[in-house]
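Here the structure is laid out as structure tokens; the discussion comes afterwards.
Chain IDs A, B, C and D follow the sequence of writing; residue 1 opens each chain.
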């Protein structure tokens, strides 16, 4: 059994990691930390984990963390980079669910995250943990940067088109909608139920931190610069991301066949039948991305619809998928749950 | 007092019309019809109208309808066109909230609505009831075709840009999100709370009936053909439409100033300060459209955010606004309510 | 026009007061204060009030407040009692929407609210602003204590039964459900949408601050001690309170007729037909209480169902109803809006 | 591997059964039937089961059903009783999730369900499948009547009190709140999102079909008649039941210790620490009942709070728990999932 530690177990990503790891057949949740709740039983803070996780939160001491084989950081941006060098030196595997190691250029990181990077020398060896793109590198990695939730959905949606150079690289649009759990478990007025329960709005249109990450990823897929407009929205639901992607076709292609073929062997990406409209509720709680591809009116505009659960394929589930790859386990171990519908 | 009749008062649009007309200072709700609920008190079917509407539903007899000055049709598509000719002959004003008179070309109507048009000879004189575009024609009209909910939001959003020929007419994108009341008060599995309460999905991507209406409207604004991709989505909320619009700028312009100037004298369109993100909850229950305009990263892509309440500015409120114009009343009469936040 | 001031205009109760007062035919919203947002335009903080309220927030200076005829306190508990003595001395009317003047016994107040009362000498002259019970006293009052949201629903539900001494005064149960706006517009994890959007739970079962208020009110109605169990619950909706009340009949009675008769002349209490189940959505945004009374299986247990909008009849609307009474206006002035369904 | 069939797989209970059985380590989902969707792939109708269930729906032919070891009926009331005799004759195990075999008295059944019972001779041997009460009988049963969702929560909540004769058997109150999935996947206006998404109401107060079932169960627990008032409510959420139970204590007792002791060895009932308020979201998707017990103000009224997921411990999960018991499997097999929070 692989011994896993979760740092920052009191956020939504952390509790979701615990839910998954606690039922993993080849990993053991050995340690969960929290500064604020240290000493409390996990089941006291999260009654959904009663009888599932019998640990108490511990303080995030480096010595404790180093006792695990793999350390997941479900922490705010800027935390994992404080711990990673020492843990890597001691041969541990570090999987960061925050943004610390996602961007290759430390100056871009500093620009968007408002602080200098603590260990820019690690950025080159960090592997961007999107298995559908980087599977072979992930298998050899020690430091994994799990993609953000929006970037996961947008990249999986555009991937076959960019890979086969079927679309114009200019004028891409990613109109994305997220449930409120994406905003985290923080006391703030903006995500109170009374504020968001019956409203819908865009946010961060001038610029969202996931933009440089998506752009970097799409450019890597395309091998060339791309021009993307990314608009995130807050939807009155708890979980789920729906990405609606727009691009212009450069040449004729059977897009349905292309997508089905591209993802035929992927365990966690499902191309729905032609004419489908994926629904976030169908992937709720599951490590899945469901995709449909359309050409409205048979024209040259491609519309791709991609849905994930932001906390699973967009965070905790993908992190465990990465762990499975790093440790040579079956990629689907612990991740075979169906979506919770209705 | 103007005597108003509502035909088809048991749908969401009908009940909203009653709510507004019952408090209108210069109109009297004189008659409400329903085939299914004829004989029942309105307040029995709709307890929110207890003490507000004291009528009972009546059957939709032409003779009864002709006793009103203005007849609102809050009926399924294909109904108003059965009644309109006779009512117009008798000098009545007809305001249709369905699609019967929205499209100028009867063949396009037949293609999208699956039935031949019953009175194509009326299409030329029907006025498309979007006051921000057609105010002077509306004032002289006897037959008003109220715009659809999506078309209202999309046209108000694009209007200043197209009017001033600031954007490319190709490659327009309207990514729209609607609350479930837009699907009407019909027994169907697809809009059960258990189906839609925690999910988000696109629908009708291959082609939605509002597409030809929007296209016709935008082309009238631009004076030339436009190419638009329109993708509607179902959001887990009851009321509200959020339109996110994308276009490419043809030349430099101060968009904020342009929008503020264009809508400065409009009573029901509000341009929010630069950098804003309108929220559907702020216009809930109100006859308002709130708009913000962005240029992400300062590039040449314009993103317009426009919100309305689909049942008010997208239906019943706009219908009353049209009535006010036709009868020479203050345009805002009966329509000054604020949004119900939270 | 009566000049009204709202102190603490940035909470949900405050914004609702502004929405109502701005459309009041005989009152003018002259002043709104906020410590945190002083200097900002109301419409900037609350876009739903654009074009409806043109004021900016001001700091809560006593001199400013004294320029109004009536001062509403939509403030945290313990605030109004700091301002009330001076304002009353200057002949102003004070209407407190918080709890400062609800309890007659200052020691009980101190026990439940954790601080000594600042002006216990005013408690005797403060009138509990439940018009259906205290209308004649309210008309003569200068200091009004508006009832809490739960107490409003519970007292209106039990009132006819206690008034006619038809039920046992022991073993009363009030099982109440509230939308999350009742928790206020405060940054806290417990009322985030992600926490409450799909869950249902009781809270404060060992003892809620509204218990002594309800008990005091019911005892006043009964003229004798009553024993009540009060359990509040948080429901995944924004507005609305549903009180389900249980009592044991002492003698036979036609309860439907009794309720209809008791409330026949009340403008804001509606007794639904026998067999009805009131729905909170039907009173959303309206100053109404809808009630149904049942005897399941024809037995001796009475079940009363009462719904209000916690922010309107449970707070801001009732406060304006009190203002109308104090100033001799029609009781329904500014309060005739229908519920916003759907 | 036990071969399981699900009859009526297109309702919410059916799809939930499939979700659970598909991941059961010792059972195989061999057959799923549907009249309406026969021939369609399960994954087409329920995209959440793509890659999880590879079957197509089949028509409900008795010969097909008889090939399974256990047949689950997730069908409307009155269906299982048509199939059960023949299947039992052939040695199969029948587990009915509807009401056909819950009531011992066929006349009571006919009275509440509006049709004569098709096989009253089987009622005596049918075992009421509430393992926490009837475990040893269930192990020997061939015909299981799974409890209704409300009856499960109410009985588990009252069980320790009635078992130890600690409460008065008169004046019991069960105030219950359910998510809308309890109303099933049927096209009807009453459970549209637009109707229920922001409202809260009671229903069936004059008499709900679960009342005789609860009464029969409580009386079996108490060994004597009980008098219960049961009021169900519809809450604006998808899954979950919250039962708030009221009773009068007959004698002093340490209720917290009593509950903890009573349920100490139950795998699926969790007594929360003193002072807790269970939340339905914590058991969402899980086969768990979480309970807290209170004495508000230290008086003689007991308030029990019990939550379940109506589709899991209130239906499909409990059905699988029964199957495990009948076939001698570990009771928790396939049922160890945690609640999906948030």
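Here, a residue touches a chain if its C-beta (ideal position, glycine included) is under 8 Å from a C-beta of that chain, and two chains touch if they have at least 3 such contacts.
Remember, predicted model here, so these are calculated numbers, not experimental data.
Enquirer: Relative to chain A, which chain has the most distant C-alpha mean position?
Expert: C
Enquirer: If you tally contacting C-beta pairs, which pair wins, A-D or B-D?
Expert: Ranking A-D and B-D by C-beta contacts puts A-D first.
Enquirer: Take the average of all CA coordinates in chain B, do the same for chain D, and state the distance between these two points in whole angstrom.
Expert: Whole-Å distance between the two chain centres: 45.
Enquirer: Using CA atom averages as chain centres, what separation in Å is found between chain C and chain D?
Expert: Chain C and chain D have C-alpha centres separated by 39 Å.
Enquirer: List the centre-to-centre spacing of chain A and chain D in whole Å, with centres computed as mean CA coordinates.
Expert: Those two chain centres are 36 Å apart.
Enquirer: Enumerate the residues of chain A that touch no fewer than two other chains.
Expert: In chain A, residues 12, 179, 181, 185, 194-195, 197-198, 236-239, 278-279, 281-282, 284, 342 touch at least two other chains, as defined above.
Enquirer: Please name which positions on chain C make contact with chain A in the complex.
Expert: Residues 12, 179-181, 183, 185-189, 191-198, 236-238 of chain C touch chain A in their complex.
Enquirer: Within their complex, state which residues of chain C touch chain B.
Expert: 12, 15, 19, 22-23, 44, 46-52, 181, 185, 198, 238-239, 267, 270, 272-273, 276, 278-279, 281-286, 288, 290, 336-342
Enquirer: Could you list, by residue number, the parts of chain C that touch chain D in their complex?
Expert: For chain C paired with chain D, touching residues are 171, 173, 175, 177, 179, 194-195, 197-203, 205-207, 227, 229-231, 233, 235-240, 242, 244, 246, 248, 275, 277-282, 284, 292, 294, 296-297, 299, 301, 303, 305, 307, 342.
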